[in-house]
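Here you go, one structure.
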Amino acid sequence: MKLKFGMVGGGNGAFIGAFHRQGAIMDDLAELAAGCFSRRWDKNTECAESWGVRDMSRVYHDYQEMAQAEGAREDGIDFVSIVTPNNTHYPAAKAFLEQGIHVVCDKPLTMTVAEAEELAALAKDKGLLFAVTYTYAGYAIIRQAREMVRAGAIGKLLHIRAEFPQEWFIVAQATGVSEQAPWRLDKSQAGESGCTADMCTHIEHLVSAMSGLHPEQVLAQFDFCLGHVLENNVNVLAKYPGGVTGTLWASQVATGHELDLSVELFGDKGSIRWTHKDNNAIWYTPVNEAPQYITIGRDYTCPESSRLMRGITGAPVGFSEAFGNIYRSFMMALAAHKAGTEDPSYTYPTVDDGVWGMKFIHACLESHRQGNAWVPLG
Amino acid sequence: MKLKFGMVGGGNGAFIGAFHRQGAIMDDLAELAAGCFSRRWDKNTECAESWGVRDMSRVYHDYQEMAQAEGAREDGIDFVSIVTPNNTHYPAAKAFLEQGIHVVCDKPLTMTVAEAEELAALAKDKGLLFAVTYTYAGYAIIRQAREMVRAGAIGKLLHIRAEFPQEWFIVAQATGVSEQAPWRLDKSQAGESGCTADMCTHIEHLVSAMSGLHPEQVLAQFDFCLGHVLENNVNVLAKYPGGVTGTLWASQVATGHELDLSVELFGDKGSIRWTHKDNNAIWYTPVNEAPQYITIGRDYTCPESSRLMRGITGAPVGFSEAFGNIYRSFMMALAAHKAGTEDPSYTYPTVDDGVWGMKFIHACLESHRQGNAWVPLG
Amino acid sequence: MKLKFGMVGGGNGAFIGAFHRQGAIMDDLAELAAGCFSRRWDKNTECAESWGVRDMSRVYHDYQEMAQAEGAREDGIDFVSIVTPNNTHYPAAKAFLEQGIHVVCDKPLTMTVAEAEELAALAKDKGLLFAVTYTYAGYAIIRQAREMVRAGAIGKLLHIRAEFPQEWFIVAQATGVSEQAPWRLDKSQAGESGCTADMCTHIEHLVSAMSGLHPEQVLAQFDFCLGHVLENNVNVLAKYPGGVTGTLWASQVATGHELDLSVELFGDKGSIRWTHKDNNAIWYTPVNEAPQYITIGRDYTCPESSRLMRGITGAPVGFSEAFGNIYRSFMMALAAHKAGTEDPSYTYPTVDDGVWGMKFIHACLESHRQGNAWVPLG
Amino acid sequence: MKLKFGMVGGGNGAFIGAFHRQGAIMDDLAELAAGCFSRRWDKNTECAESWGVRDMSRVYHDYQEMAQAEGAREDGIDFVSIVTPNNTHYPAAKAFLEQGIHVVCDKPLTMTVAEAEELAALAKDKGLLFAVTYTYAGYAIIRQAREMVRAGAIGKLLHIRAEFPQEWFIVAQATGVSEQAPWRLDKSQAGESGCTADMCTHIEHLVSAMSGLHPEQVLAQFDFCLGHVLENNVNVLAKYPGGVTGTLWASQVATGHELDLSVELFGDKGSIRWTHKDNNAIWYTPVNEAPQYITIGRDYTCPESSRLMRGITGAPVGFSEAFGNIYRSFMMALAAHKAGTEDPSYTYPTVDDGVWGMKFIHACLESHRQGNAWVPLG
């Protein structure tokens, strides 16, 4: 029996909405039953029809109406996907939580730490599941890395190196076009932060998805290259629990890099490296042994990662499958939740990770304001 | 208005069926309206429900019944996807063509050249579109390569180098498990040929998808490693029109290689190389200039490839999208066909490519039988 | 007519001495005429014989004797190579400069900034050439990068990313052996600094060899992993002239990395990336164009780099050739100097670069002591 | 006590002579004592002086004079290096062997199989060592691969894949310049064969250096691209002992490839891959385990390879060191030979390998003449 879900947003043509929708349905675990996809009604209903919503009475004018109506239905949606601009995440998520509806929300979770903490508390109070789509954590091999770290494959962590260089802003400026630029440059929609909220928070989460650690303190340096009003290049020194240090770099002006996220964890018994350019594999080097190239779905990989594979070994895995894996894991957990059983082996980025993300963003901003001082996270 | 399609096969749990189905629907251009997914009725209906077939009367016991019923309906399916074992491709495809239904069929097209030629003739007679899912040709960047070759970027072709090493057979033997092995090792289902029909035909097609050329003659050497009854390692020397030569290598016993298809075209003005390991990019080297690394969806790539991109530049593209692109191109061509316009810019592997594939397989077999003599293609 | 040179050190079996000696002679531009290679006399004379010193009266007990004797000879050495432990660099270099003998010295130049500045002033006063062997700057393609930056290929610099991860310390600790460890861990020989003086100064110099820039301020974080008394992992935020920022990372505990120096320069018109793993090539990406892979010795590379090539295009270039190129460039400049002509096209790391190195090391130490504050360079 | 060697050729400015000379001296195991470096006397003596020949009476007008004079001296050279054009190898090598002088000769060994066999017989009769400089076999990691294969790391060999694409001819034609072209295109100097003798014989040897196998039969296809009179693209199917098959491809018209030699060996327990682009490393994949990246000089590599390392782990190894390793191994074997002990652990390409090379070249030529028939080797 498939789960039923609804969407808020996704109809404005932005690529991210399509990734969410495909991610939710690609494993035949859910069907799209309701939504308010666009503020324009014609667009809204057009999306609903195209995307297979069977009952057009479940297409709504706004998320408030949708939350109330779906919350009141016997056969209401099991969960909602919120894929609107950042500033709507908080009120929309809150509306659905209050109606007892589980939530999947795009990142960054909210505009402020307080909003994020309020959502986390609300979800806990209501006993609801809440996923935040830190996409890159969804790749199956990331789960493999996590299990290896947990099992001690690299020993005690010493240092973390993570980066996310992109060139999109400098290319957009050169070509004079970018469909994403407008709302990203509008502080009222995007918040106070540029690539810290946009990209660096992805890095922070991915590090935690692999290592299990969130920073205790950060020292951030912002660059505003090419006259941009929001920072488009940021370097963060981070102190993690247990004396572990790390650096995080995100850039929107790194010519030659398309989406080059990478994370490397160094422990006293070995290291693990992952790069987005080769998203199905990790490099694992035990100290004083030859580096190993580990791909997904092998006899020697763990079931938590292998079960997230759809194709055959060696088949390229797309960005859409990273979304798919977050949705799949969320839905498997949700199915278990509904059945009254819990299956902790299906993990996904939660509302707590979303809170960490907001704390991270705001601590970086504060460090910048203080002239690159160390700032504790919340 | 979406197209309606049906499926024959796909319900037996093989991964390939899921790729076809997802490929057909991922761009919201088609909906699954009918099918006979499995010979077991309970499985058949279960699939239909899970996959969203709205009218359960359009779930059929076999392809004959389905072809007749759908051919007779006013609102019958626009096209059918045939994803059964190889020996059923021919009768199933024929049944639908005879009912005036367009066809997408998995490769290899048939068991014999004569069957393939009959299907090609039938499709032409009926004025029907017929795609054969040579998957790898679906990657957007392959289309970029084709357009560059056509435009003269590498000049006159001199030599072609293509290979497809895999380790699956040797790993399957080592571990004692392979869900694919049974029918692949059964000559009555898989035909006379092992990795020639399974993999080498993919290479032959991909070369043509990039270069526009099919071989005139082949000289093939078969190896039967580890006591396998069908060849699991094959090397082909090929003569293409215009004095162009090439080599094709496919292997199922190449430890260390998961799905490492690659093609390189050498011309008198430059070369183009593509590897499956980096499936979004080609290397282009003009003679006496620095090699360039060209990725999809850029200002400097052609619209025929860019329009096949779903995500953002740098986002990994999955195996499923290669299917999606063949389906999308086929459906765009079909929509144009139905509208009475033809749009030759949407290309896909056709029934004629399927015929070339069968000729290639059989010429290789014949060369092997003749002790590695040169054998012309049909 | 070949130049004549002497060596101080090099006989203790450390690999670095052999690299200097081979570097000096590999192009038949110089012959080894004198030296004090070891404090042990038998070792000293054995080296002299093995290495082809023709006149055994020019084998000396110590550098003082050697400097005086060679300085007094009509046919004295043209230059001396100093390859002793770090704490001897200063007095030895001074002794030869005072005798009017040109100097090549290993890095780091001295133990203190004051010593380095004294050597620089002395060399200037005496009109003597002084090279410091920042090895990695010697690769021919680094010179190509420098000329491209100078010519505006990447426009105005925005950001610099450089790193030098190694695993040697953690491997040495795991295996319990390291011939290098002893003096590197002895503060009286190695100085106050661990991998900052050992490796990070290489990064600092390489960045300047490519970009032309030295930092104005640094903020450094030191890690003392595994209970090491000197820092073995260091991250530096740097502010360069003109608002350019950068980060430098050096590590001796980065399992999986052998000698993985890399530098990437981001400008407003493009970027250049070099990695030691592929030491003959740079990646050059003009904004909104395809990345290019540029190797040495091509029609499209500059003469300043091409003339440093010894083999054929595509032939791997060894570590020894990086030394060879510094020596060759130094000797070509020296030959021009002796001939009364100057050829500024032959560049090499000079005593001024050595001073920058010492300032960099000491500013990093100071930043660490101040709790990661910004510290200006000298 | 160093060995004394002489050189025939090397003074004509070709890069290969310098590689031989540097290779012989780089480890301080030998000194250049005699030679006839050029047919022009002024050039000849100039080379002798520049290269440190101490006794100018040991500079000779031709190899005949040199062989006789050195053979007659009490302190005559221990071995000679022959680096002349291919057609002089045979008479020159013969002259020195007849004088009881050990020989190192460039490849291909001779012009005919009979000449090569005569040299091999002569060396055996005289009890002389004879190395042929198949350069690429000299890389330390190749020796690692050999020992692993010997120890059964990949089990029983199944298939071999080797290739050597280059672009030099097509670039030379495009630019109108190539210092190497003249004698390579002159059949009287270069022989009947183009890239088969020039490059494919390197592949044949490298395969044997890794696997221990030489082909029993070959089937060769020659291409004469761009109107070249000698083949510049060759594909060889090979049958090795024990049912092992292989393919070898060499090309001089493969745009985008500088010197891209690679070999991959597939066995029933694993595979080993080496590429010249990453000349210090091999990939080793045991069946059903993760691929491993093995570099030289590690705790887990064999002493036969580790002792050929000069620098530190991770330091790039140059083309010159491949020569150096052949010379070093030859000289260590020669020193043992002179001491009356034999050390079979120092291996190098011998005159027997040179004979195999000639048999291979001529069998390929014969296969081409017979329209791509299978031709046995000698």
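Each chain gets a letter, A, B, C and D, in the order it is written, and its residues are counted from 1.
To be clear about the criterion, a residue touches a chain if its C-beta (ideal position, glycine included) is under 8 Å from a C-beta of that chain, and two chains touch if they have at least 3 such contacts.
Predicted model only: the values in this text are computed from it and were never measured.
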The chains touching both chain C and chain D are A, B
Separation of chain B from chain D in touching-chain steps, minimised, is 1
Between A-C and B-C, more contacting C-beta pairs sit at A-C
Note: chain B sits from chain A at a C-alpha centroid distance in Å of 34
Distance in whole angstrom between the CA centres of chain B and chain C is 55
When centres are defined as mean Cα positions, the distance from chain A to chain C in whole Å is 44
Multi-chain touching residues of chain A, meaning two or more other chains, are 171, 175, 288, 291, 295, 299
So, in the complex, the side of chain C touching chain A is made of residues 154, 158-159, 161, 165, 167, 170-171, 174-175, 219, 221, 223, 225-226, 233, 235, 237, 245, 247, 249, 251, 253-256, 264, 266-268, 270-271, 273, 283, 285-288, 291, 371-372, 374
Residue positions on chain B within touch of chain C in the complex are 284, 288-295, 298-300
Contacts from chain C onto chain D in the complex sit at residues 2, 15, 18-19, 22, 26, 28, 31, 50-52, 166, 168, 171, 175, 257-260, 276-279, 295, 299, 310-321
